[in-house]
Amino acid sequence: MTKPKSLPKTKSDFQHLAAELAAIGRDFYARGWLLGTSGNLSAVWQREPLRLAITASGLDKGHLLPGQILEVDAHQTVLRGKGKPSAEASLHLSVVRARAAGSVLHTHSVWSTVVSQKYPGEGDIEISGYEMLKGLEGIRSHDHTEHLPILENSQDMKDLSGRVTSLLDDHPAIHGFLIRGHGLYTWGATLAEAKRHVEILEFLAEVLGRSGAAVSRA
Amino acid sequence: MTKPKSLPKTKSDFQHLAAELAAIGRDFYARGWLLGTSGNLSAVWQREPLRLAITASGLDKGHLLPGQILEVDAHQTVLRGKGKPSAEASLHLSVVRARAAGSVLHTHSVWSTVVSQKYPGEGDIEISGYEMLKGLEGIRSHDHTEHLPILENSQDMKDLSGRVTSLLDDHPAIHGFLIRGHGLYTWGATLAEAKRHVEILEFLAEVLGRSGAAVSRA
Amino acid sequence: MTKPKSLPKTKSDFQHLAAELAAIGRDFYARGWLLGTSGNLSAVWQREPLRLAITASGLDKGHLLPGQILEVDAHQTVLRGKGKPSAEASLHLSVVRARAAGSVLHTHSVWSTVVSQKYPGEGDIEISGYEMLKGLEGIRSHDHTEHLPILENSQDMKDLSGRVTSLLDDHPAIHGFLIRGHGLYTWGATLAEAKRHVEILEFLAEVLGRSGAAVSRA
Amino acid sequence: MTKPKSLPKTKSDFQHLAAELAAIGRDFYARGWLLGTSGNLSAVWQREPLRLAITASGLDKGHLLPGQILEVDAHQTVLRGKGKPSAEASLHLSVVRARAAGSVLHTHSVWSTVVSQKYPGEGDIEISGYEMLKGLEGIRSHDHTEHLPILENSQDMKDLSGRVTSLLDDHPAIHGFLIRGHGLYTWGATLAEAKRHVEILEFLAEVLGRSGAAVSRA
């Protein structure tokens, strides 16, 4: 991963970070990746002690405003803003810890949902031969096999975030994962890198889906 | 359903509600869900006696303006605005009565039309295992089976609204239904909730359609 | 067809009509129906003697401006504006004469192209059972069979416009036709009606294509 | 090819050309053809000695600004602007030399990626019978067979640009080519012509993909 830039520290910097998250939310909504208040977006605002800027729960991402971005600590306590953080904030925190990520983005697109059902249970989608893979941090050639694991979904966030932590430990090279019937998680050292990873993995999910390579028709 | 907020009462509040309906109409048109003047949108403006804000018939939703939203009573008499209400206003009224809904939205998307033809006759599409289901009011887990009934279409609005009332009585848990070859009806306690339900059910129809699960190829 | 409103007569009215055509062109381009300078749009500016407002040939519809709309007479002579009219202006004139249409719109969408290849030769696509059919002028029920004829393509405009005239004579009830591998022609008494017909027939072509009903996989 | 207009020479003209490239980049990004910082766009700024305006490497095309367009010479040395040119600048230069092109545009769309995998190895996709083909420079009829060659991808730019040069020598009539798992290259005498060619070839790739004609399901 590229080395994270020093993180913003002032109040106006938080507003700036929140504005960037909100703009990405509106853009992804327009593309159909965050319909129906689905998905959540976060960026690390301070590393020590950990502070996360994260979307509040239940928001219409088509009208997402900077003021709707919360500041939470490592225990998901809200330090700034109104509303409660997404139930999935614990997954964001798991990814931030395991990858030292600067941003975690979670989308609910049609194609990532469709291809997340390729197998009856868990498994890895293997993606290889695409130039687009080079946009994933650290990948230098299309001649690479990217593993995109599929985790079973759960409403038990303790269970699910534990499995996410194990997955990231076991797969040090992955850039994202799918939750079955649910959507995509990806991350980056910076918000721009995480956004790029969303676009790339969503693109590849669509390519796999449209070419029939990752659609179960059983 | 979430408890409806107290409903707006002043003239400027009606304009506000009409502006929200018009914005949703333009947004859904851009997404391709209300092409060719199709679809209609309503919100309850007053509960006792019942007053509905509803799109006039035959409008291009791409240019929908607040002034094109009518106020009608329970007998579909126009109390405010020019034009006549949609022939389907009676279906909106049936839903409002049966569900105490604050808003009813009816879209004509490609995917809801495609999946509405899954069966030769009437039947329920069963949707389960999707995280997106949690966005439907009252649903707490992806591990839920949502029934999306398909009604046969009719031009006899008395017949059709009667069948809608029966359907809603018989299926107290549903959040929407399809009319065969026609489109989606959904509702919510508030306009925001109804909009969220449209996005979720249209998303799920597209997922089912693209994964081949709800397309009849007979 | 609804009775055409009296047609505009002053110079500023021509600008108004040209602005409406240009706005529809930019909108349809954004939707992907007029890519690569394809398609052409016209509206009757004067009935006796016939004057047509029509897009000049070879324009990028994504940047279509009112000043790029030509005025031509029944012989395709340019009376106003720079550039030459589309080679297909003769088809527009054939439709205007045969249907007393106030506007003719021709789009090149992916789905109308895909379904235009349903048969190896000419033939009619039959479309029935869709509520959206009611948006076609004069249709009152989904229980209607709309014929959407497919004509073989030709670069001989005299031949092709002759076949269009014959087709319209032989099929008095149709609202549009496809040219094989080429796209959709439809029309209306007014520009708004023609725009509505484009949206409806493109919607139905997409529904047929996506449900597999009109895609030849031979 | 249409004769290129005399090329711009002043500093403000460079800004104008850069602004046009940036606008096309943002437009193609919105259409999903340049996601994840993929793709690159160039236009000849001066013919003798050769100067190319080209996108810098690694940019988010959704926010592409004129100031992010570099001026490079025939050896890819940056003469103006910050950042480094794309590794694929050598392919742009190969096309400019072989075709005396005024602009080279390279997109990464889902459909051009899907159809680029039609064959296990290299091969030509043959496209015929489409009216849209007439938008390719010099083509006068739908009754034309356009060859769209597929090259194997490589990270060795010397190897790949050599193969591009050979391909263009061997296929004097082609208007573009695909790189397998990678995307589309096309060009034109002017930027407008190159943009038109992108739209036409992307349209045709989508038509072939959706009609099943160029999707390998092996």
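Order as written gives the chain letters A, B, C and D; numbering starts at 1 within each chain.
As a working rule, a residue touches a chain if its C-beta (ideal position, glycine included) is under 8 Å from a C-beta of that chain, and two chains touch if they have at least 3 such contacts.
Note that this is a predicted model, so its numbers are computed, not measured.
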{"item": "Touching subunit A and also subunit B, the following chains", "value": "none"}
{"item": "Chain separated most widely from subunit C, comparing mean CA positions", "value": "A"}
{"item": "Euclidean distance of C-alpha centroids - subunit A vs subunit C, Å", "value": "44"}
{"item": "Averaged-CA centre spacing for the pair subunit D and subunit C, given as whole angstrom", "value": "31"}
{"item": "Residues of subunit D touching at least two other chains", "value": "none"}
{"item": "Touch relationships between chains, expressed as pairs", "value": "A-B, A-D, B-C, C-D"}
{"item": "Partner subunit D, residues of subunit C touching it in the complex", "value": "32, 35-38, 60, 62, 108, 110-111, 113-114, 117, 153, 155, 179-183, 209, 215-217"}
{"item": "Subunit B-facing residues of subunit C, complex", "value": "27, 31, 129-132, 135, 140-143, 192, 195-197, 199-200, 202-203, 206-207, 210-212"}
